[in-house]
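Per-chain residue numbering starts at 1, and chain names A, B, C, D and E are given in the order in which the chains are listed.
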């Protein structure tokens, strides 16, 4: 009933490669069949990539990654703390849950623009805008996790007077692992997407800036070159960091 | 250790009202203190609302709600089915999980533009673009839930030869309730945010279109008038539908 | 027709052998008790018979027809009431009949309560009722009467005997209570050693009628289990 | 100094009275057994003493110092090994000492295994070790020796006695096994009725030394619990 | 030297002019340092302006009127005369041929160019464009692509997208300037210009910028000056390059005259009639005050 994401060890590591190769084949086939600028094949994207590489691809990607990283770290830590607190404290939940729902549904444009006009067109404003967008999502996910915590284990921890830190580390967080995994994966994707908008609205560099410029020129191959670059990095994070972490975190299951 | 979202019955229903009223007071205070067009107070927003109401606020809101509703229904059903399948079927997970990660990180702009150019500037294209953006998020959340399903109960269901439908209804879905709740809340917010972009890029009406027009004029009060309208609807959904449903779904807990 | 054929050559977890050679055959309708120290592999063996785990050497042939099992922990669905937990099983009777069955187990008032809101002993009784409700060909019972006071345990033993008489199901059951084994089983299997093998396979000295008398059970207990184990 | 003072006037769940008047006082170091049919309210009473639930009438005064409890289900952290489950409790000894303690309970090889990968009886023993590890002033035991074979149960009883002797902790324990009650307790409390009240409160006829002899226990069992209950 | 910051689209036409100015040192020659902030979208430039991070952007005067109405002392000086155009596929010769066709509109259904084309159709062809055509709205690049694939028969779009379409061989039905003239708004007033907040930007510095811009435009009227810009224009073909260059050169504005002000007011009234409440909500009341070119004054003084 449960998936052991990949087979054991080295053999398991081949699956994502195979799976992505299959996707590549499908894409190549579809592109060759359509013969349209609107679905460029791998060749065209590779050319666009090389062209953009000359024009500062790396700098843009690094600028974006820095923003994504900072905003992700900020949103995950604050959002998780908020969500767990609300999930475990009925009084706080009654008072603040409406607020989270509120900020969850504030359009990204509004937060971004307000951050920019209040804090100026700075990196801080950009990262802050993304984090503010993302915090309610993380909080909403982890609140659900905290509300589903085992009462049995909570009572056990209380009886044995476990201090807050130990409670969090040994009792709460392991139960929240699936919620963290969901929040982290969705979070990274969402942060990246909002960073693109943030860059579009007020940064002179970054992948979002480039993608939108490519869009103005309607150069789909160029857009793909940037999008695929980031996706490659996320895939690497997934298979080199998240998947092994999850395997370790699930070792105790029978 | 667990929150009973609201007190019992009628008294509990007052909490969100109180909480939102408090937010309103804070907002009024901040607006009065800042005295800036960039943080309009409730009065200014109310005026903007009345002005926009004359100009077809309701039609725009209804158009957007229809898109949000359709895309949400599509994304939740397909995404949940996909996520549960991947979470419960290791073979499918090995083959397709990379793909989900892939599509999870495709920038919204790319999907939206490709949908529009392939399917034309139609409602179908718009709803499809939003759904495609959201499906991987729902799938990623529910996959985590499905991977954390109880082996004990799965074995029990297998021994007693529960048919697939009954298994889903009595064993799987109740365990996934917190993941569904997280996916639904985040999903609604995300769908709404993407609909705004979709409307901006290729629809002649809707809140996204209007917000962008207000944005060109930098009329923050106008933007708030639209954003708050949607948030009010989401709050109503939360307190009239989701909260009672959750209370019922948690009745069995001690 | 045989009720269960076990011919196990070995079962290991992550390279660690837990079960060795264990072979026995139960006739249809036969009731066997499996004894053995804690952690020896009794539940593991029942799991193999139930078909949860196919990673073992040997063959296990359960009878045709339905299987039922009382797990060592109740494994009720916490989000369904006790009666629902029975009624939703394929082959089990409807809600009203489930309530009647629960009433026979002294759970009349708790029938519409959620599992987490009743005592563990009550959950265990409900789980036993669930297994008895489906008219199985083979019923596996992993310490079914644990956590029950003597009176309730006796009540449950009677319910179990009655159902087995009516359905003619084969039963394989584990327990640590030798008196209970004598009060229920036609045959007593003992496993031991590492990896565990079948160290003793004895028919009960008591007939089904004799077993109903506590004094006879006590006498047989002294005769069979005198040695300090 | 008293070990535990219970003066309960009533406890109900959702308007349904479960416990009525129950008053008793345990001296420091006294060991009491609580008997009563399944579902009567024994666990509920222990939960009140543990302080998990403050919604009751009456007063309950536990002694100063640490509390420990063996729950009716093991309540181990599934993502920590058995030894870690002990060592991470405040006041418990370190990992190495936890392994030694587990070895005394026959769990030497399983000390670094995760709970879901050992048998339920082994989990229960680990949970008992955890409670014994913290040097408590009051220890609550909810059917601690259930699901154990006679030999292992005897081994655990000895471990329990030894620890209580050393620490001088007060103990309140539930069981359905009257022989076990006689083998361990200074005092036997029985609750019954609906809502449940204290129907009998008897000192054990056996001294602590006498209890170690199975034959004396058997004799006392016949004397005290002759009537069919 | 004082610094003047201006936000531009990285691949937009304003950036070409700014590049020419800095490359030729027209900024320092006029006593200031020009700093361009390249951004990716039109919305981004207004955010930059509102947040106070830049002193000047390029916008249309209807927007300037709206800001004036809100009390912001916005000044407007034309940047270019170029206006959008109605581009079409083969078979659409005049605006009257649009009847029953699907038409792409950039900027939404209250877009100024589209309102003007509607007025012209009512006058010349006797039907209401918005009623008799199937209108699709969307982002400009998307619209160009829709026209090229034939999903729409015509598009009303911005001038540089029109120029690219022209280069791709799409016929132009008419420019919006031409449409204005036919509606009696003559000369067709420039729509976009440099805007700044008089409270924030010193008039002398603004004047220096405008002189530098004029010098840049002067330079760019020579085709040879365009070659260095070519890489940053990201053109797909020589034809596209030429089309963009030619359109830019043709749009070089003269000084703002009273005739311009009159035409602008006429246009404003027309748009108010056509666009109804929706348009009025996006524009303040008309005031000629925004067209006072501070450079003209300082030129008189000097």
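Just so it is clear, contacts are C-beta pairs under 8 Å (C-beta built on N, C-alpha and C of every residue); 3 or more make two chains touch, one makes a residue touch a chain.
Worth saying up front: this structure is predicted, and the values here are computed from it rather than measured.
Enquirer: Strictly by the touch rule at the top, which chains does subunit B share as contacts with subunit C?
Expert: Looking at subunit C and subunit B together, no chain touches each of them.
Enquirer: Out of every possible chain pairing, name the one holding the most C-beta contact pairs.
Expert: A-B
Enquirer: Which chain is most remote from subunit C in terms of Cα centres?
Expert: Ranked by distance of C-alpha centres from subunit C, the top chain is E.
Enquirer: On a C-alpha centroid basis, what's the spacing between subunit A and subunit D, in Å?
Expert: Each chain's C-alpha centroid was found; their separation is 48 Å.
Enquirer: Can you work out the whole-Å distance between the CA centroids of subunit D and subunit E?
Expert: Measuring from centre to centre gives 85 Å for this pair.
Enquirer: Touching at least two other chains at once: which residues of subunit D meet that condition?
Expert: 73, 117, in rising order.
Enquirer: Going by the touch rule set out above, which residues of subunit E reach two or more other chains?
Expert: Touching at least two other chains: 43, 50, 139, 142, 145.
Enquirer: Quick one: which residues in subunit B touch 2 or more of the other chains?
Expert: 38, 113, 117, 212, 215, 253-254
Enquirer: Under the stated touch criterion, can you name all the chain pairs that qualify?
Expert: Chains touch in the following pairs: A-B, A-D, A-E, B-C, B-E, C-D.
Enquirer: Under the definition above, what is the set of subunit A residues touching subunit D in their complex?
Expert: Contacts found on subunit A: 152-153, 155-156, 158-163, 166, 170-171, 174, 249, 251-254.
Enquirer: Under the definition above, what is the set of subunit D residues touching subunit C in their complex?
Expert: 13, 35-39, 42-43, 72-73, 106, 110, 117-122, 125, 143, 146-153, 176, 178, 228-229
Enquirer: Which bits of subunit C are touching subunit B when the two form their complex?
Expert: Counting only subunit C, the residues touching subunit B are 47, 50-52, 66-69, 71, 73, 75, 77-80, 88-91, 114-117, 134.
Enquirer: Quick one: in the complex, what on subunit A touches subunit E?
Expert: Interface residues on subunit A, with respect to subunit E: 38, 113, 116-118, 120-121, 199-204, 208-210, 212-213, 215-218.
Enquirer: Given the complex with subunit A, which residues does subunit B contribute to the contact?
Expert: Residues in contact with subunit A: 1-7, 12, 15-16, 19-20, 22-23, 38-39, 86-90, 93-99, 101-102, 104-110, 113-114, 117-118, 136-137, 140-141, 144-149, 151, 154, 178-179, 181-182, 185-186, 188-190, 192-193, 196, 211-212, 215, 220, 223-224, 227, 230-231, 234-235, 238, 250, 253-254.
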